[in-house]
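Quick one: this structure, given as structure tokens, is what I'll be asking you about.
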Amino acid sequence: MILDAQNIEMSYGQLKVLHGVSLQVEEGQTFAIIGPNGAGKTTLFKVLTGERMASAGTVSFRGQDVSKLPAFKRARLGFGRTFQVARIFTELDLLTNVVIPIEARIRASGKSPGHWWSWEPSREVRAEAEDILERLGFPRQRWEDEAQYLSHGDRKRLEFCVALATRPGILMLDEPTAGMSPSDRREMTRFLARFKAETGITIVMTEHDMDLIFELADRLMVLNYGEVIAVGEPAAVRDDPMVREVYLGKGGQHA
Amino acid sequence: MKLAARLSLAVLLVAFLLAPFLVHPGLVFIAGFAMIQIVFALSWNLLFSYAGLVSFGHAAFFGIGAYVSAVALRYGWHINFLLIPPISAVLGAAAAFLVAIVVLRRANGIQFSVLTLALSQLVVVLIGYSEYLGHDEGISAIPRPVINLGIATLDLNNPLASYYFVIVIGLIAIALIWLVVHGPIGRTMQAVRIDPERAAFVGIDVWRLRVVAFTLSGGFAALAGSLLAPWAQIVHPDYVNWLASAQPLFATLLGGAGFFWGPVVGVLGLAWLNYAMRTFVGLSEIMIGASLLVVVLLAPQGILGALRDAVRRRRGKVAGEHR
Amino acid sequence: MMSLYLYAIYNGLVLGLAIFLVSSGLTLAFGIMKIFNFAHGAFFMVGAYTAYALTGQEASSLFVFLGAALVAALLIGFVGVIADFAVFRRLAGVPAEYTLMAAFGILLLSNGVSKIAFGQAVHTVYPPEALSAFLDVGIPVSVYGLFIIGAGIVVFLALEVGLNRLWFGKLVLAVARDPWMANVAGLRVQRLKLFSVVLAFALAGLAGGLLVANQALSLDLGHSYLLYAFCVVIVGGLGSIRGAFIASILFGLAESLNAVVLPSLPGIATYSLLIILVLIRPQGLYPELSQ
Amino acid sequence: AQSGGTIKIGLITSLQGGYAAFGQNHQRGAQFAVDEINAAGGIGGKKLELVVRDDGLKPDIGIAAARELAADGVRIFTGGLVSGVVLALNGIMGELDSIFVSAAAHGNNLTHEDFKPNYFRVTDYSAMRVGAGSHLVAQRYKDAKVWGSIAPDAEIGRSVMEVVNFHLPRAYKELHGAEVKMTETLWTKFGATDYRNEIARLMSQGIDGLIVGLGGADETTFLQQAGQLGLTKKIQGFFTSGSEFLGAIALKERTPENYWSGFHWYYGAYPDNPIAKRVVDTFREKGYGKHPDGFVGMTHAAISAISAALAKGAGETSKELIPALEGMSFDSVKGKITLRKEDHQAISDVNYALLGPAKNEDGWEVVDFARVDGEPFAGAPTPGQPLKFG
Amino acid sequence: MLEIRSLDAYYGQAHILHQIGFAMAEGERISVLGRNGAGKSTLLKSIMNAGPTVRGEVLLDGKALGRTSASDRVRLGMSLVPEDRRIFTHITVAENIRLAQQGTERKSGLPAIADVVAMFPMLKDLVDRMGGQLSGGQQQMLAVARSVAARPRLMLLDEPTEGLAPVIVEDMAAKIVEACDAYGTALLLAEQNVWFARQCTSRVMLLDSGSLVFSGSWADFDASGELVERYLAV
């Protein structure tokens, strides 16, 4: 078990948002969290990644209790994450965007990422960054472009590169295709599927795009009012009448 | 663009190096002073444009360097003066480190700025209590040192020698700041400035990085300060107060925030403005105030920002065109 | 001895409310326009000179005194109109630091102009007859001091209710938070912004008019209060009127008690209080408005 | 160096901030003197030319200005208002081969521990002024037994109190054989707006006299609040060391009746001095006001000293001017002033005036004045050493 | 009612929209589709005059709007729901709605806040909650409700379904159609969710790199194989 969360509770002031949520993710699994708006998905995400501390409950990663660790320490242990609205280092070029997490990783492991007097990243760092960019389909001539001029879809892709550069053990994706055009979305779905197959990485994600969920997820958890109302194989969960009522609806759009 | 920028830098460097042979001593003094201000402003900009922290009390660290070297010269410490700038830098960095670990734990954003302001004003008050530091009148008539270089001696009482001493140390400091900013630390600082939360999620210890940035910046500010005593021969609490702290901010904004060389352009611009207004006795406040307003309104990106936009416009190459 | 302490507390209250009168406009400007208006102190000083020009050394009546303060408020409010059209409006969308620099330019400009307009002599202004009495309750309580306390409280209540309770205040805040969306939602953004700039400036003028008789009048007057005002805005919570109010009183009391408790270290209390408060409450006393 | 038949004199003073009024008068006084000398044909056929620079209250701006002017051939400087700037200028005069004849800076240190051979001071200084003032009030208020004091917590305030604490008890003993009690000084900070707590404390101390070390707007605020709370009525007399007419002009009819103010030069004390008369007349003619202050007088005196030295045949270089000025006596608005050879300090009268309310257009008048001989209070010349008392 | 003539839009120097032209009848509902960055949001903002620099003409009822500000356009009956929602965080849900109604400066004919909330049941329990305390989807809902409450003649909706649960998306489609029919509101909808766009609108336009490359009925759209393929990339 790579990720194990037990009885997570969380409140914003008086308002209790998560009422004892538990989840277990196996190594190599793709675990999807769905639920109606306001159910607490983003909040759960924040608790798992360390952006906020839970008011009760524990989060353990590969058997280690990380509940009290701040975000950057969890990131060093192997939590990679993306955001619902892609967050990249806008004013820097693509290559630097990827170099930064690589250097941070090397430094966190106690080694020096390069000579302090050298303004260029070291050869190994650069090679790794180039490899990641190439693998995610950014052509060489765009590497020096400033990231802020990327389109929505490309931003998401770049953010993915940034997350990968930390060599995560687990990828936490908050609505990875939100706001993408159908074609980009399809591309992203395909990419994730291929990536998963190639690397066998563990993924935890939230998503409202059911096509993506049913294509990728190995396990599905449904949250409603901060409580787990269903968890299991995607196909089984889909047919749960309660889930249909509170979340999926008649399913006209997925016809 | 790149070429033009490099050419201008080269011209500027040559101008600094040849100043004593080109202009009258009043301007040479201003040039030396500008070099000190440039290092100070660059140290501040290291925080602002790279680490995303706004310090309103940076003059306190400048003051540490200034007072250390003033005291060393005035009270005739037996120490090779060549060691004073690095010693000042270390002391400034140490002070900055202490401030950072206390202040950054609790505050960031504007609160951070204000705390630095308050602490630096406290330094001013404390200097006022100290007999050794000359109370509110500062330390004046500071003798210029004779430096033993082993094979030769360098007598800073010679105007040329003292000028080149300031310029060379200043250039070394600028080179060091440039390297810090463009190396791995600089890159990480940028990431933290642009999006600290995002940076944390790739495993960057944001707090620690900010402490490092503040410490480095404080060190360079103190280094700049240590040049003041032998150059101006007076060190005064006015160099420590909030107005002094605002100088690098203005220089950076005037030159253009986000550019490494912005503060250089800004310091020179402000120095020129002050110099140009010197004969308007009694009216200089009005003239400088109006000039600042005009610059801000006409070039809200600073001078370098305006230049960049102008170049882009001429080339027809624009932001966001390529996707 | 006891009465010295009592008197220090009373003086602290007067000083605190005086600080609040000055900082209310600064708080507003910061909360709404997101600018640290360096020039605020200068406008406060110009307001005081304006009142002095109208009343002379002693206003003939309370009515004239208040009228002069009102005229000062109007005049500085008008300066606000000019500043908004000529400067702030043009700097919308530019990083806040540049507004800071513009404000510094305005400060230099108004200092220079005041020097020419008002001359460099120091003046004294005395409260009008109606306020000049002293009540002896063991300590000499001046009616004018009570008047300052009252004026501070009135301004506080007006702003607090107006901004946080009244619908209009919420609109002003909406414009402050997100001018783009306010515009798209149909609010008259320019007008509301202008209104808040004018209000902030007018408060500086009003404070000048009301406090002119509290101390000597010189070109440095703004300076004396500006540092307090900045401290108050920070400690209060950047734009929170309630926070500024409480912080003002704290600073007034600290400064005043400093004089009796630590007479050999004048001024130490202000900085210490600032540092302590920011360390224990970095977000300010009432951070909800600042985000 | 001479340039086309003119001798340039650089005036560096503060024309910004709270000192601008004084700086302006510095400029006026120097200009009067230059005009007078030029109207009389200059010095040895050469005209004087005054070049003015603002130091913006900042040492480095002052230094840059001095260096710029020096490069332009200026070898003689005057002015100097705030001591920070004067100290800085002082430090570089030797290097510039120039002299600085300062007209207002008051610090004891300038002619003591921070003495520089290229520096001369034509006015009195803190120790003289305050010492003479202490003597004066001891003479006038012989029944005063307890003296209080209030001063800014800064170099200026501390040096005032040092002198007072030495001279005042000594004066009482000498003049009246009486012991006098000095209460603990109340320290304040610059730019305060509220002295009421201090005033209350002073009133509770049962003092008969008061020394006020505050200056400028701070002093005025103090006087205003002290008047309102009745302190000034309660005590026999008090004195401030150096704000000239400033307080009275501000307070008008509310000027207290027992208020001695110190002057660099009080024109009314020299009714028979033709130079003083000329300056007063010119000042009034030009519409600058009725009451020229000591700042007008002292730059005038500085130019008088310089021209006297030049008239003796000295050239413009410091090598020639310094010996010419050392020990020289010259006529000035303040009568004869001697520049002490050892430390270049002017030995002259010290001026005080008793100001009080009046039913005239000013609202105040000079009730009485005193010209105290400054010599006994100047102390021994100890250039390079701090001033010692006793 | 609305007519766009040879409209170009720029961000600074960047030329985003090229020569856009189309017309909308009273009460008509049109979708704008396009890949990310095609310029959909820019088009809506240009029509509202809220951001981009615009050349060309926007006419409402035959009158050129010229440089009329966004807030004045609100009073002419236009309303924009931006893609990033922009809820006011310091006031409650009810006050957000009230604020939008105030912006129209209409004295009558506006629905009561209770009625608006009834139309979007997700908001029912939230009326007194501060805008800043809503989840992403809740904010999105409020943004639409806020616009409907102003009862505009022309509503510009920018990706209203982003981040909404599927069941809500279905519901929202019905609600929007209902509201538009009830008030005779015309709708210009920028969407990525083609299903939703189909439910809501009768016509469709396709933007590609800032140019209008298709305009017609859904049937025509489905028939124009190559274009659709490129957009949907099936």
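Chains here go by letter, A, B, C, D and E, matching the order in which they are written, and residues are numbered from 1 within each.
Definition applied: a contact is a pair of C-beta atoms (placed from the backbone, for glycine too) under 8 Å apart; a residue touches a chain by one contact, two chains touch by 3 or more.
This structure is a prediction, so every number in the text was calculated from the model and none was measured.
Counted as hops between touching chains, the shortest connection from chain C to chain E is 1.
Most remote from chain B, judged by the distance between CA-atom centroids, is E.
For chain A, the chain with the farthest CA centroid is D.
With centres set at the average Cα position, the gap from chain C to chain D is 36 Å.
Between chain D and chain E, the centres computed from C-alpha atoms are 75 Å apart.
Distance between chain A and chain C, defined via averaged C-alpha coordinates, is recorded as 49 Å.
Shown for chain C are the residues that touch two or more other chains, namely 115, 265, 267. The multi-chain contact residues of chain E, meaning those touching 2 or more other chains, are 37. Multi-chain contact residues of chain A (touching two or more other chains) are listed as 151, 154. Residue ranges on chain C touching chain E, taken from their complex, read 167, 170-171, 173-174, 177-178, 180-189, 289, 291. By the touch criterion given at the top, residues 15-16, 20, 24, 27, 52-54, 56-61, 63-72, 83-84, 87-88, 90-92, 95, 107, 109, 114, 116, 153-155, 158 of chain D touch chain B in their complex.
Remark: chain B residues 24-30, 33, 128, 134-138, 140-142, 157, 159, 232-234, 236, 238, 274-275, 278-279, 281-282, 284-285 touch chain D in the complex. Within the complex, the chain E residues that touch chain A are 34-38, 83, 122, 133-138, 140-141, 159, 162-171, 192-196, 230-234.
By the touch rule above, chain C contacts chain D in their complex via residues 3-4, 7-8, 11, 14-15, 18, 57, 115, 119-124, 126, 132, 134, 139-140, 142, 214-221, 223-225, 255-256, 259-260, 263-267.
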